[in-house]
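Presented sequentially are two complexes of chain A, the first with chain B as partner and the second with chain C.
This part shows the complex of A and B:
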C-alpha cells in the first residue's frame, strides 16, 4: 500500500514538475511569473483528446501532438501578450496582470469552444495494475513517472550542456549582458517559452490520461505547480523538481492516510511555512523582491 | 571605420549626449575623456546598440548600425561596459564561451585568452563572481575579444583598480590594438588614456569641447587642469601618483 502510494505520488509530482519547471525557467529569465502558463496545460489535454478522437488513436502520437501545439501556443502568448511590454521594460506588475488576463480569457474561450464537459481519451495507457516488489502499481503511473523523468532530464541536459542552454543561464543572470555578447535575446526568450509550453503540453496530455480533459484542468493543476516552484525556489529548475516531488508525494500520502479533504490544506500550509522560514525557497538564492 | 554623426540622446528630460560626431579610424586608439556624468557611458551604450539615440546615426565601415546590441556585435563592434558586467553565476570559461557566441573559433579564442591572461587559465572552472576586481576586468576584456571584434568599445576599464593593474590593462589594450583591433577608449583617468591614444577628444556636458592627438591634449594644460578640477580629491591624488 505504502509503496503504491509513493509511486502514485511520484507520478503526480512528476507532472507538477513538468509545469513547475516552466514557471521557473521563465521566472529566471524575465523575473516574473507567467500566469498564462496554465492555459498551455489545458490545451495540451484537449489537443490530445481531439487528436485521439479525430485523427489517430495512439496515445503517444497524441502526446507528441499536444507538445507541439502547447509549445506553439506558449510562443504566441509571448509574442502577442508579453513581448511589447518586455521591450518597453514595463514594470513586472503589468506582465502579471497581462498573464492573468490571458489566462482568464483563454479559460473562457476553451469553455465556449469545447464546453465544460469532462472528456475521456478514446485511447489511453494500459489500465492494468502490475506487481512490483509485491505491491500492485498502476501501469499508467509508472509510464507517467518515466515519461516525466525523461522529459525533465532532456531539458536539464539542454540547459547544462548546450550552447543555447549556456546562453539561457547567462541571460538569466542578465539579459542586457547577454545581448552585448551577440545573443539575440528575443529569440532566446521565445526558446524558453517554447520549452515551458512543450513541458506544459506534456503535463496536460498526461493529466488528461490520468484523470480527464476539462477546461479548469490547467488552472487547478498549475496552482499546485506554482506552489511547487515557490517551495523549491522560484527560478531554480532543480528546486522546482524537488518542490514538485515533495508536494506530489505529500498530497498522495495525506489523502491516503489522513483525508483527501486535507490534501489542498497540506499544499497551502507547506507554501506558507516555506514563505515564513525560507522565503527564497529550498534551492533559491535570495534576491529580495519576488513577483 | 566607426563613424558617429550628430548623435543625441536623452533620458526623458535629462540630455546626456548632445550632437556628438567623431570617427574612430582603422587601427587607431581613440580616447574620449570626461569627468563623471559627462555622458561617456551613455554615448558608448548608444554606439553598442543598448540605447536608441533620438537623433543621429552610427556607421560601421559605411553601413548604418541599428539600435540592436546583438546585431552590433555581429557587425564587429564589441562593448566592454563600465562595471564589467561579468556573468558571476557562470565559470570563467563559460563567460569566455558566451563572449564567443558569434565566433566560429571559440576554442582558439579561449586558448588565446589564457595565453594573454594566465591567471584566468588557472581559474577557468572557478565561478567568475569570485574573481578579484582586476581579474574581472581581465576577464571582461578577454571575453570581449572572444568575438574577434574590429572595434572594441571600452568604458572606464581603469575604474576601481590599483595603479599597477591599470598599467597592465592599458598595456593589454595597446597589445590588442597592435594586433589589429581599433579601440574607442572612454576614461576619466585622462593621463593614462591620453598616453596610449592616437586621437582623443574631451566630452563635457554631453558635447565634444576639444579634439586633438593624444600628445596634444596631454600637453594642453588648460584641459588637464580644468579636467582635474572636476574630479574629486581621491581621483586627483591617483592621477598625480600615476603621472
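This part shows the complex of A and C:
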C-alpha cells in the first residue's frame, strides 16, 4: 500500500516538476513569475485530446503534438505579450499583470471553445496494474514517471551541455551582461519560453491522460507546480524538481492516509509555512534588485 | 425594478470598498496580489459568525472583521514584504487559496461549500453609500499625507526611496494593512447585505477581478478606481445572457494586456477628479472668457 502510494506520488510529482521547471527557468532568466504558464498546460491536454479524437489514435503521437502546440503557444505569449514590456524594461508588476490578463483571457476562451466538460482521451496508456515488489502499481503511473524523468533529463542535459544552455546559465546571472557579451538575449528568452511551453504541454498531455481534460486543469495544476517551485526555491531548476516530488508524494500520502479534502489544504499550508520559515526555499538563490 | 437596481448599486458600493483597498496596494504602492478575495472571506465569515453565533451588534462584528483581515494580512506581509522578488505575490496566492479551502472544509462552523445562512441583516444602500464616501475621504487624505506620498515613492523607485531614508518594507506593510482592512470591511458588509455566504464567492477569479479593476481604472488614481468600479462591477448584472460571462472575462483579460502595453497608467493615469479640481477648471474657463472679452 505504502509503496504503491509513493509510486503514485512520484508520478504526480513528476508532472508537477515538468511545470515547475518552466516557472523556474523563466524566473531565473527574467526575474518574474509567468502567470500565463497555466494556459500552455490546458492547451497541451486539449491538443492531445483533439489529436487523438480527430487524427490518429496513438497516445505517444498525441503527446508529441501537444508538446509542439504548447511550445509554439508559449513563444507566441512571449512575442505578443511580454516582449514589448521586456524591451521597455518595464517594472516587474506590469509583467505579472500581463500574465494574469493573458491567462484570464485564454482560460475563458478555452471554456467558450471547448465547454467545461470533462473529456476522456479516446486512446490512453494501458490501465493494467502490474506487480512490483509485492505492490500493485498502475502502468500509467510508471509510464508517466518514466516520461517525465526522460524529459527532465533531456532539459538538464541541454542546459548543462549545449551552447544555448551555457548562454541560459550565463544570462541567469545577469541578462544585461550576457547581452553585452554578444549573446542574442531576445532569442535566448524565446528558447526559454519554448522549453517551458514544451514541458508544460507534455505535463498537460500527461495530466489529461491521468485525470481527463477540462478547462480548469491548467490553472489547478499549475498552481501546484508554482508551489513546488517556491518550496524548492524560485529560480532553481533542481530545487523545482525536488519541491515537486516532495509536494507530489506529500499530497498522495495525505489524501491516502488522512483525507482527500485535506490534500489541497496541505499544499497551500506548506506554501505559507515555507514562506514563513525559509522564504528563499530549499535551494533558492536570492535574486535581489541591483543598482 | 427600482429595488433590483438599488441592490446592484449596493453591491457595487460594497465591492468598490475592496477595489479602493486594492488601489492603495496595487495602484499606489505597486504591489501585486492574487489573493485579496481571501481577506474579504476572512472579514465576511468573521463578522457573520460573531453576529450570528454570539449575537454581538453588527457594528462590532464589522470592526472585528476588519481587525481579523488586518491581522492575517500583516502576518503574511511581514515576512514576505522584506524580500525581493515575487514572494509576496506567492504568499497572497497561498493565503487566498488556503482561506477558501479551510472555509470549505470547516463544515461544522462555516457550513462548508453549501454556505452559511441566517446572517443578521445590516447593510442597506444608505449605510454602504456613507461608508464608501467616508473611505474615499480618508484615503484621499491619506494619499496627500507623508505616508501616502512615501507609498507612491516606493512604487516609483524602491531603490531611490530607500536611499533617501524611506523605510520601504514598512510602507509596503502599511499599504498591505490598509488594503486588507478594507477588504475585510467589504466582506463583512457583503455578509450582512446578502445574509448568505459561500466559499465560491471568494474564489481566485474574484481576486483577479479586483486587481484588473484597479489596473483598468488607473494605477495612481482613486477616481480611476471609483469609475472603473462603477462601470465594471455592475457589468455582470447588465450582461446576463448565454456565454456572455466568459466573453466578459476574455474582454477584461485582453483589455488589461492592451492597457499595460499601450497605456500602463490605466484610464485615469495619476489624475484625480475632486471638487476643488472641478472648481479650478471652471475658474480657468471663466478667466479665459474674461481674457477673450478683454481682447
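As a working rule, the second predicted complex is superposed on the first by the 286 of 291 C-alpha atoms of A that agree within 3 Å, B and C clash if a C-alpha of one lies under 4 Å from a C-alpha of the other, contacts with A are read in each partner's own complex, and residues count from 1 in each chain.
We take it that a contact is a pair of C-beta atoms (placed from the backbone, for glycine too) under 8 Å apart; a residue touches a chain by one contact, two chains touch by 3 or more.
Just so you know, these numbers come straight off a predicted model, no measurement behind them.
Within the superposed three-chain model, A:132 lies out of touch with both chain B and chain C [touch as defined at top]. Taking chain A as the reference chain, the count of touched residues is higher for C when chain B and chain C are set side by side. Of the two partner chains placed by the overlay, only chain C lies in contact with A:93; chain B stays clear of it.
Once the two complexes are laid over each other on the shared chain, residue contacts for A:109 go to chain C alone; chain B is not touched. When the shared chain is aligned, chain B comes close enough to touch A:185, but chain C does not. Contacts of A:85 after superposition on the shared chain: chain C is touched, whereas chain B is not. By the touch criterion stated above, A:154 is placed in contact with neither chain B nor chain C.
Once chain A of one complex is fitted onto chain A of the other, the partner contacts of A:27 are limited to chain C, with no touch recorded for chain B.
Common to the chain B and chain C contact sets on chain A is no residue at all.
On the chain C side of its complex with chain A, the touching residues are 26, 30-32, 34, 76, 79-80, 83-87, 89-91, 93-95, 97-98, 101-102, 104-105, 158-159, 204, 208, 211-212, 215, 243, 246-247, 249-250, 252-257, 260-261, 264. For chain A in complex with chain C, the residues that touch the partner chain are 27, 31-33, 35, 81, 84-85, 90-94, 96-98, 100-109, 111-112, 219, 223, 226-227, 230, 234, 261-262, 264-265, 268-269, 271-272, 275-276, 279-280, 286-289, 291. Taken in their complex, chain A has these residues touching chain B: 163, 166-167, 169-170, 172-174, 176-185. Residue ranges of chain B in contact with chain A, taken from their complex: 48, 50, 69-70, 73-74, 78-79, 81, 85, 87-90, 94, 97-99, 101-102, 143, 147.
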